[in-house]
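Several structures are given next for inspection.
Paired with subunit B in one complex and with subunit C in the other, subunit A is shared by the two complexes that follow.
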Partner chain A sequence: MKKASTTAAAMAVLAGITGYMITGCSPAGSTTPAKDAAPVAREEFDKAMQTPTKLTFWTWLPDVDQEVALFEKKYPQIDVTVENVGQGGEHYQKVRTALKSGEGAPDVIQVEYQYISSFNLTDSLLDLRRYGADDIKDDYVGWAWNQVSDDKGVWAIPQDVGPMGNLYRKDLMEKAGLTKAPATYQEYADAAKAVKEKTGAYISNLPTNDPAQVVGLLWQAGVKPFGYDGDKTVSIDVNSAKAKEVLGYWQDLIQKDLVSVDADFNDQYYQGLASDKYAGWLTAAWAPIFLQGTAADTAGKWNAAPLPQWEAGQNVSGNWGGSSDAVLKTTKNPIAAAELAKFINHDDESTAMFANKQFLFPAAKSVLEDPAFTGKKVDFFGGQEVNKLFAGIADTVDTDFQWLPFTDFAYSSFNEKVGTVIGAKGDLGAALDAWQADLEGYAKDQGFTVK
Partner chain B sequence: MASNTLPAAKAAGPRRRRASASRRTQTRAAYLFVLPFFLVFAAMLIVPLGYAGYLSLFKSQLIGGLSFAGLANYAEALSDPDFLGGVGRMSLFLLVQVPIMLGVALFLALALDSGRVRGGKALRLLYFMPYAVPGVVATLMWGYLYGRDFGPFAQIFQSLGMGAPDFLSPQSVLGSMMNIVTWEFVGYNMIIMYAALRGIPSELYEAAEIDGASQFRIAWNIKIPAIRPAIILTVIFSIIGTFQLFNEPSLLDSIAPDAITNGFTPNFYAYNLAFVNQDVNYAAAIAFLLGGVIAVISYVVQLQTQRAERKQRKSMP
Partner chain C sequence: MTTSTAPLAAPTAVPGTEKPRTSKRQRGMERSTLLTVLLWLCAGYFVLPLFWLLIASTKDNADLFSTFGLWFGNRFALWENLVSVFTVRNGLFLQWVLNTVLYAGLSAVGASVLATTAGYAFAKYRFPGDKLLFSINLGAIMIPLTALALPTYLLFNSAGLTNTPWAVILPSLVSPFGVYLMRVYAADAISDSLIQAARVDGAGEFRIFWQVGFRLLGPGVVTVFLFALVATWNNYFLPLIMLNSSSLYPLTVGLAQQQAASAAGGGAQALFSTVITGSLVSIVPLIIAFLVLQRYWQAGLTTGGVKE
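And then the complex of A and B:
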């Protein structure tokens, strides 16, 4: 009995510590709209940048030190500490915890587009308009700018994007008698059949655990599954007719065993990419580099093309991934912090470095239009100018796409309600209904008005 | 255990009545010695426990903030299919895995204790070794072994021309997890039992041998009853460990996402509630309830064994 109660207590300790970290203190700062705040004056800016200042920057981007070094070279008084506190979910949890505890929060954070509204919900991001963000608006692809801004403010500076295309194994396609990439989804389905029959490979994989990819495909089809007004109202429409049509298409391919349903980004999956299991991947602009690392043995056999289209003659794409840099409202040095977010994502040398050294797919037009970037011939893709192709695709991404302010839950719920059904090769239309119900239930439970 | 020391102290009392001054000093010293423990115990256990209990009485919303909810979180949990499903799954785990694991551990302990195994010391170490492997590493390792394309099991089956078994499907993942846990903890439980076996006075064996008892009879009628408290201890440990499973589902989730649901084990569920759903208050309620479930089951097990012991004693002439 004693042991048992100790354990019960121990359990609660865990919960307690967790609880303490999460709700120990109420969110700092109430809503103070910075509307019509005057832009920072030149003298004020110069003074801030010449005052010795320490900034903390939380990002998981490897080797970001080199871009930060450029910033520090230009502003020698500013000392930036780069910290990697984890990637994705872990990163956001720590940011949230730091914000709620009221101390230890960094000045600048990396944030993926789908998480910006989650941080706006808690009023945690600094509106960058006062710091000159509006002036550089036109230097980025339009839809990426839409991702970081709304009518209430500019919340981050785009760093990289993931416009989606079709990476495929040219050799396997040719074996199946296909000389060019399928232009429409109808052709894609036919190709899937031919590839499976002739080579035994799956034309692609629809993972059981990757809401971001599925959302990217919905994005391409013009589905608007999410919406958030920045206040209390969300719109949730993941089971629209159009969404069901898209997933119905994939369900058909899955049930005919023409598309595999493996979880992605684990060893099993990498092995599938490196062997001849998959003949292609509908993926994002960051994937060409990723593939060169994971499937090095298949070098030269790949090719890149735009996504298949739902209707012949169309040319639209979706986005999968990409990040931006935002400034937390709690920062004591907003001018320097905003300048850091702007500088590394706007300075020509820095953005070129992101694109050519870290292989981020740029959101900045200056790089997208730079022949040194687009003209690069990639051996892995048989000498194709892959960057040029994706730079073209970047212009075709549907411009208006919103997110829910609780992406963690939305994605986790996707895995529960839709991912499991993908794995079981079941009815994806019903799965979307279940996802919709789960999201609506959560939103209402959390006090949102669901439109 | 506390109840055992109390009568002993009382019994020692009268003898020292005369030297009451020195006794008082000793008492004071004793309290001084236990004080550091109680300070840490209070700071790290009692306070957070109270805080978690307090949290579990509130409801926090992303819009609207915190509000008092009374026992609403508990009521919700008791009809939450994810929580109940997790508890049910762990109960099944308990009924299947724990007997197997403890049975194997007992068998190994008896075998080593019989002294008929050559290289007993080395074997003892070998059996114990998996316990030295951190649970996280063990799960990652087994995750690799279970792999459907590259895992050694799959390759053996494929080279024999058979389809590779899927250890990570929604139907089989619980069994695969039982295997990991068994592998990890057999040695640990064996050591506890083995240590207890070494403590049995050898005269008992000699007497039994003179009476002509076989090794099997000795094991069944002397050894196992003698180490009963140790066995009960391992049972209680196993019950607690089972309901607290977290590493295994959390790590297998990345390789078998469609098999591991958010509520696969209650602990994993509480974690997901707190960090994914951002609902710490409900997570606290779940953790409290889980603690309650563990306490009740452990208590029932202990009560049963005590009753059985009493019955046994009565039946003895």
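And then the complex of A and C:
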């Protein structure tokens, strides 16, 4: 749901340190070996759901109480406490601390896709297959399901996703003589030049502190920078020829001063969106709503389109952000906890509520195909059916993208090795090499085999 | 240490500057022009962020990001923002205010009592190991609370006290700097002959401390109280790692969480103006505490001066 914890980059480092210190000093959390047991029987399920049970759910999603209330209405014996213990880095730090200290860990947690493997590394997540997760597999967009599952199990239920598109200022584009969104990156570069010359605006911004956006753009280009076999082997390929081509393209625009290099998600950035500094943003499906909150005065001037493509006629996208709900292995009530994670992300009323009240971009097909959702005309985008556009884009996301089991480090390392070079308008190819070396070194230090 | 002497010394300096007004008028003027300019610059530097906060809390989100930061926006939305501060998430903000008052209040009272007794003892009694203990105390001043937060967390976790108010209050009761300040203050403010006289009159040691010493230490106690109050009120890191329930958060952690929720991307609530107005509301009690307690602070200092 959120763009990955960019503002919490420092926090993430801190989280790492804290994690290790606490590992050293506390009894390890109990980890029962995973059993590939038979699915939970109907009677067992009914019995569990009718026994008075208390569950704790850690999530930073505002107003999630509404969906949880639906769950409690259906299962009156289950009492769910929702806690917001922080966002992104802070949240994961607290979950890890609680797991290590063996006390106070919640039953269900919100977890972003790129952090699932970090929790699998410590064997902390419950395999949901026993609890009927496989049965609902086809109800979600395929690549989102791939993000939460591997050949060893299903580790979470997708809550929302962030397929990427191009949000742009229609008025500024028109001033520059452009009537439609650039279809290819070549056209995009030409448009950037025209927009800068005619309006003085940057066609978009490449932030110095947002690995998630850059990774999303690499994802679109078919780069496979990360891989993890679920055990001890990782593959790291952030400086592949394709990745260098993508960042080389951006380096060119940056050095010609056609794309700005501001840190994103801070006051200055919001001011840039609200004023006419940026003429667009290559961003995710959650951004249309986000813009309405921060750049309210520019209502009606925006338009949405798919991302520019590397080859004419192509139609692919990447993903930026999104979350899922996972069950921790330490839970004493796995049946009820798994049902909570499933219910809020599968029940029609609940998923519709996520999409229409909290404005999460859904991973569930039932909502993506629901005319009430896709047919909504958004005034901020001049009456455009933005949801329909992004629902279409959601089908074009590459299905086979993986993460490293140490995303915290990979992201903070990105900011240090690549982000600073973006800011300095330097050689991004060399920056990718430095990032690659840093990641490999870290992986080896941590005892991984680098493939 | 310098941070403490500055406020203590300041009031005595004020009457001093008034004296030469009649005789050396010319020199006094010269000096004061330069000083005035410097002081205005300083005042501007310190007040500007506050002014920004005040202005920004009258703006809605749109104005916040599109109008000049140091002047009012197109709409005056202070009232809306205030309503939003106290109603968002079912009025959780009020709970945070109460928590902060509780944590900061208890910590400040506890810290000043502990620091006063300890400081008095260090100043007025000789006992085995007093020098060593005091040196340890001095050393402890150098260690920031933040560095101790993690070991404290581990301690509290094994005691099962994390995610309770005690996890914030107990560590905040310890104020090595307060002990140091009170020792220095007690050494000067209470003369040994006074204690001797009380002893001759047959008062017990505790009675001497409570009825003679504590009264004379008033201004020092208020100083320690204010320091501890502000420190706990503004403490972010300790409650951040200790607490897991929104209903237990103090203002600092709560507001930071709201701020994070604003920048969350999907599912975000654009609460920027709410967070800013909440920040303004959160410092009001501190300002009031300072204004009220300042009277005791200064009054005490002048009485001390006369006695000297």
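As a convention for this text, the second predicted complex is superposed on the first by the 417 of 451 C-alpha atoms of A that agree within 3 Å, B and C clash if a C-alpha of one lies under 4 Å from a C-alpha of the other, contacts with A are read in each partner's own complex, and residues count from 1 in each chain.
Keep this in mind: contacts are C-beta pairs under 8 Å (C-beta built on N, C-alpha and C of every residue); 3 or more make two chains touch, one makes a residue touch a chain.
Given the structure is predicted, the values throughout are model-derived calculations rather than measurements.
Looking at the shared chain after the overlay, A:286 reaches subunit C, while subunit B stays out of its contact range.
Of the two partner chains placed around the shared chain by superposition, subunit B and subunit C are both touched by A:271.
When both complexes are overlaid on chain A, the residue A:450 reaches neither subunit B nor subunit C. In the superposition on chain A, no contact is made by A:241 with either subunit B or subunit C. Within the superposed three-chain model, A:98 lies in touch with subunit C and out of touch with subunit B [touch as defined at top]. Shared-chain residue A:409: touches subunit B; no touch with subunit C. Contact with subunit C, but none with subunit B, is seen for A:85 once the two complexes are overlaid on the shared chain. Across the superposed pair, subunit B and subunit C both touch subunit A at residues 1-3, 7-8, 18, 22, 26, 266-267, 271. Touching subunit A in their complex are the following residues of subunit C: 60-62, 64-66, 89, 150, 153-154, 157, 160, 162-163, 240-241, 244-246, 257, 260-270, 272. Against subunit B, the residues of subunit A that register as touching in their complex are 1-5, 7-20, 22-23, 26, 89, 93, 96, 121, 208-209, 232, 263, 266-268, 271-272, 277, 405-406, 408-409, 412, 415-416, 419-420, 422-424, 442, 445-448.
By the touch rule above, subunit A contacts subunit C in their complex via residues 1-3, 7-8, 18, 21-22, 25-26, 58, 60-63, 83-88, 90, 94, 97-98, 101, 103-104, 160, 162, 265-267, 270-271, 273-275, 284-287, 289-290, 292-297, 321-323, 354, 358-361.
Of all residues in subunit B, only 1-2, 44-53, 55-56, 60-66, 144, 147-150, 170, 236-237, 239-240, 244, 254-259, 261-262, 267, 270, 272, 274-278, 280-281, 283-284, 286-288, 290-292, 294-295, 297-299, 302 touch subunit A in the complex they form.
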